[in-house]
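For reference, chains read A, B, C and D in written order, and residue numbers begin at 1 within each chain.
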Amino acid sequence: MIKLKKAIILASSMFLSLTSYAQAKDVTIYGVSSESGAFANFGKQGSKGLKLAVDAADDAAGMKFNYSIIDSESNAGKAARKVKAAISKSDARYFIGSTLSSTALAVGKEVDKAGGIYINGSGADEITGTQCNKAMFRWSAPTYGAVNASLIPVLDLHPEIKRVYTITPDYVFGEAMLNNAKIILKKRGIELVGNSYHSLKEKEFSGYLSQAMATKADLLLVLNFGSLATNTLLQADSFGMKDKMQILLVWSSGLDHFRTLTPKVAEGIYFGSQYWHEDESPANKAFVALSREKLKETPNYPMAHYYQMTKLLIDSMNATKSADPDAIRKHLEGLEYDGLTGREFINAENHQVEKYFYLLQGKKASEMKDPDNYANIISKAKYFLPANETGCKM
Amino acid sequence: MSSSLLSVINLTKKYGDFYANTDVNLNVKEGSIHGVIGPNGAGKTTLFNSLAGSTKPSSGKIIFDGQNIEHLEQYDRPILGIGRSFQVTSLFPDLTALENLRLASQAQEPARGFVFWHGITRKGFGQRRALHMLHRLGLDKQAQTPIKALSHGQQRILEVGMALMSEPSLLLLDEPTSGMGVDDIPQMINLLKQLREECTILLIEHNIRLVTEVCDQVTVLQAGKVISEGTPLEVSQDEKVKTAYLGEGI
Amino acid sequence: MQNTTPFKTYAMGLIAFVILLPLLIHSQVLATEILIFAMAAIGCNLLLGYSGLLSFGQSLFFGGGAYAASILSINFDVSLLTVIGFTLIVGIALAVLVGFFSIRRQGIYFVMITLAFGQLGYYAAFLAEDFTGGEDGLLDVPRVALKLPFLPDVHFDTDISFYILTSVLFVLSVMLMQLVVNSPFGSVLQAIRQNENRAEAIGYRVKLYKIAIFAFSGAITALSGALYALMLNFAPLSNIDIEISETILFMCVLGGLGSIFGSIVGAAVFLLASDFLSELWPRWMLILGFLVILVMLYARGGLWASLMIMLERAKEILGIKEKHNV
Amino acid sequence: MSLYLFQILNGVGLGMIYFLMGVGLTIIFGMMNFVNFAHGAFYALGAYACYVVMSITGSFWAGLVLAPICIGILALGIEKVLVRRLYAVDHSIQILITIGVMMMIREGTLLIWGTVPKSIRVPELLAGIVAFDDFVYPVYRLFIVGVTALIGIGLWLLLEKTRFGMVIRAGSERPHMVALLGINIDKLFSMTFIGGVALAGVAGALIAPIRGVDAFMGVEALGIAFVVVVIGGMGSFSGALIGGLIVGLVQSFTSGFWPAGTNVMIYSVMALIIMFRPNGLLGRA
């Protein structure tokens, strides 16, 4: 009998939560992360960040927060299908994160149709540009911000740079990075002495690197990312290029890249990064402490941005005391808050979170104060295109 | 010459620098059993393959029933009336004896093989003819037995049966007794004698007893060339043939 | 090798399956995906199981179908039947192209040509951004309505209506394929798979048959790709990636070579496992690899055949018990 | 002009690396008619083994020597349990089963070493570059080319000039004859398999300092190794060398004018060669 009663209560509460989420006390946040497949390292860390944020959430408005992880299997199609299923089956409305831009775009469409909220941190300009929609927010800086915030300070630090060589992945993202760089170089009257496009499955950069050396460039500007960037830098190191020119990797994965490259390779190289755990902002100090206490690890970019995005969502639910996507959207639009990178601001017109972007420089192994003290923060800055120039129409 | 069903004229086949057949000439009279013999490496199999169409000759002509056929594909030849068997039994091992023969019969009407919109149970498609052939081969009981479960002798007989399904006017047999036990050979000889009533036969054989017993005409190959031709008796007395087979231990 | 089970029984079984599936797994979307990939696995089985052709080019047909349907649906105001028709034509054309070149070679060389086509298809889709959306894929693919004369348009915007559409196409194509493999044409394929040389020697134009079965495989695989794009409202680049060929191949092998129903079981098991196991243990593919080895070594008939054997055993045991009761 | 020269030299360097990736594959196929789709997985394991040995001993050289030995021992086990049963079956079945092996190894490495890629630094002795005017080339790459050339010459001597090689070559053509001569053909095959797989391990360990170590490097190597071997002719030793050089040169030149298309070109070249030379450039019919 007791079992039956419990079942009835459970069933009715589920029914309630399904039909009228606005009044429900339980809110489930869905994390879209690539737990398996080629980008499993990213997804796993992302999920950790999300869980950390949910576990640490306060229940100021009397809501109870749960999470559910959707494994995208590093595949945009899979992610879209699972998100679709979660929306129709469990009435899911709140989604966080993605690894690939294609996943973010596809999930964004689904969540928009369902009238939910989706915050992600993927790189493609379209997310808060031509493909923007009212459900989708993006925390990370797109190509414009990344290139400006990293290239300008490097050029300021090294006035001797007169010749630049770029290495660019041959597709939309790389093209966008390169265009942004070209504008800056032109403005400063610095010569772009050469560029090598390469395919996304490239593993062999020796040809491009020796062309760069042959042009006697002063700066090697690396515009690829992930394992492409790892290979580029490893091979540049073996060519001894660090002695001949400055090297800047704009779109690094932060801590993960330093760990993979080891200080010997990373030393002296400039890295642009969406996040660095040594930022002095109060929110970040609290987060790093939390992560070290609960998980015994220093947070990297995937973990940090999933945490930040989740926390942002939970905070606005608490602030609006509701789980109504429209109310939360209104709250988020134009919001300014203390984020992991400092004061962050959400542009109401294209839903881009305007946060800081870091320029780091790799340290010598002997100068590292702790095992994760791989780099110095050289500068941090915000550069964002005005919403009307992004092509976003909501 | 009008009685020649098959004429081979100056047939040459080379692989790189190696001549497997050189200027082979051959006439097979209609209604006869014609044997081709020769020591190992004499080029018998190459000749056979050129006739059956599984290789193309480098030069020379093959005339069958008044028609040039050397350029035709292997799959065109059964339909013209040339059937072939294989030296090493070559059947469809997982299919039943009946299905093997039915497939051979179905092949006679090329368009039928592309019928995909209904099953095989309807009339036509060779079911009935296959049953007839099984009966004739004395394999009625084995109709539903998969080939791999048949005895070697039964497989050899079915091998010839497959070639017969196209109702050939010329039957090419590649060592029909190969691998057969001594006891089974008379059965094959009987089958061949029966067959001469309905078609012309060209066979390649190692077994001299079989050749002398059933063949009307014999051609002897050595090193890719014809060295002798005639009745079995004539050939067996030819000095060149004796030298060629010396050490082969007939 | 002929199937004696009447045609109607198959149809009833399939209909029962598509009705029960979403009820059992509580998700219409997942059920739709299972039916879609079952069709793709059948397409692979036609080649590998029934004709002995191991193709790594299935991704080209799947992705080609997805792009064909998406481009047509996004840019033109068309009826569903037009989209399906166009998809089938694209699938058949691609398959005949791949078939025409690849069947000229045997064994590993055949496999490598199909792989090369698969790779070329991927890079073509990646580079042709204007048509395929490149890395981002094609977004906002609408599910076009079925427009029939004298009748109101039928829309498929809800999960359940799209599942019904998929089910209808699924049942129709599985029935057709069941027909094909048991037809005179299917019998020639069996013959070719078992002994190609003999098949040619008794008068079959082996190459033509192989191209024909490629066409069937291309058609059903492209159709499944198209349905996948319509289901997701999205045609990602990953549809045409080599990984899709592998996935389809695994479903086909796992379910059982040479069995249409095996492919359905293979797709269902694979997708359910990837859905549930991947959340429990991200390295579940380790088990999958092990299973593939086991099936290929000990049970070529795959899960389907093993299931049938177990059913027979169960019947025997039950039969004995019944006798005891009497 | 100097650009072309550079592209040729770089292409030759790459070609040697690709030869090393493919040579084990082609030897196993040539001797045993066995298609090993797990070749890339063994290559990746070689790189991991080198990484592990290096992080324990601190010496790259120890890694380079011990990695192939570890992979060889593993290959011995796999040959005994699995591969031995597959010599007589169809290529397609060998492919499917070795894909299963590949998946197990890949997932296994992810399980053991996690998903974050590792890197191995070029040993100090071989760091730096050699420069001839404008043309620079890393010393380590020259070292790889040299080691590969040594391995190539060694293999050639072993196969062509020794009794062991003679027996292996005979075994690939007439296993029954060799068995009649009183040579244990099983043992011969298992030694060939171990040798071929160990060569994949050597390749992985040698390349690790250039490309880093991750679980997915095997898939990439598998693709390249097969393209190389198919172009040259499956089973042909010198074919693997020619195939490697062709792929290296095609890649080097294409990256100059159509970078996104390097893979398109490589696969197109392979497809064309198979169409016109059914058994690759130097393959046996």
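In this text, a contact is a pair of C-beta atoms (placed from the backbone, for glycine too) under 8 Å apart; a residue touches a chain by one contact, two chains touch by 3 or more.
What you see is a predicted model; the values in this text were computed from it and never measured.
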Subject >> Contacts common to chain B and chain D (chain labels) >> reply: C
Original post:
Which chain lies the greatest distance away from chain C when centres are computed from Cα atoms alone?
Top reply: B
Subject >> Centre-most chain [mean C-alpha coordinates] >> reply: C
**OP:** Report, in whole Å, the distance between the mean C-alpha point of chain A and the mean C-alpha point of chain D.
**Re:** 37
Original post:
Counting in whole Å, what is the centre-to-centre distance of chain B and chain C, each centre being its mean C-alpha position?
Top reply: 42
Original post:
Counting in whole Å, what is the centre-to-centre distance of chain A and chain B, each centre being its mean C-alpha position?
Top reply: 73
**OP:** Could you tell me the distance, in whole angstrom, between the mean C-alpha positions of chain C and chain D?
**Re:** 34
Original post:
Multi-chain contacts in chain D: which residues touch at least two other chains?
Top reply: 110, 260-261, 263
Original post:
Hey, what residues on chain A touch two or more of the other chains?
Top reply: 40, 44, 171
Subject >> Complete list of chain pairs which touch one another >> reply: A-C, A-D, B-C, C-D
Original post:
Which of the residues in chain A come into contact with chain C in the complex?
Top reply: 35-36, 40, 44, 69, 71, 73, 75-77, 80-82, 84-85, 88-89, 101-102, 105-106, 109-110, 124, 126, 131, 171-173, 200
Original post:
Of all residues in chain D, which touch chain A in the complex?
Top reply: 6-7, 10, 13-14, 110, 114-119, 121-122, 127-129, 134-138, 140-141, 209-212, 214, 216-217, 220, 251-252, 255-256, 259-263
Subject >> chain C residues touching chain D - in the complex, by the definition given at the top >> reply: 48, 52, 54, 101, 104-105, 107-109, 111-113, 115-117, 119-120, 123-124, 126-127, 246, 249, 253, 283, 285-286, 288-293, 296-297
**OP:** Show which residues of chain B lie in contact with chain C when the two form their complex.
**Re:** 52, 54, 73-79, 84, 86, 90-96, 99, 102-104, 106-108, 110, 112-121, 125, 162, 165-166
Subject >> Complex contact set, residues of chain A against chain D >> reply: 38, 40-41, 44, 170-171, 196-199, 201-204, 206-208, 210, 213-214, 227, 230-231, 234-235, 237-240, 256, 259-262, 264-265
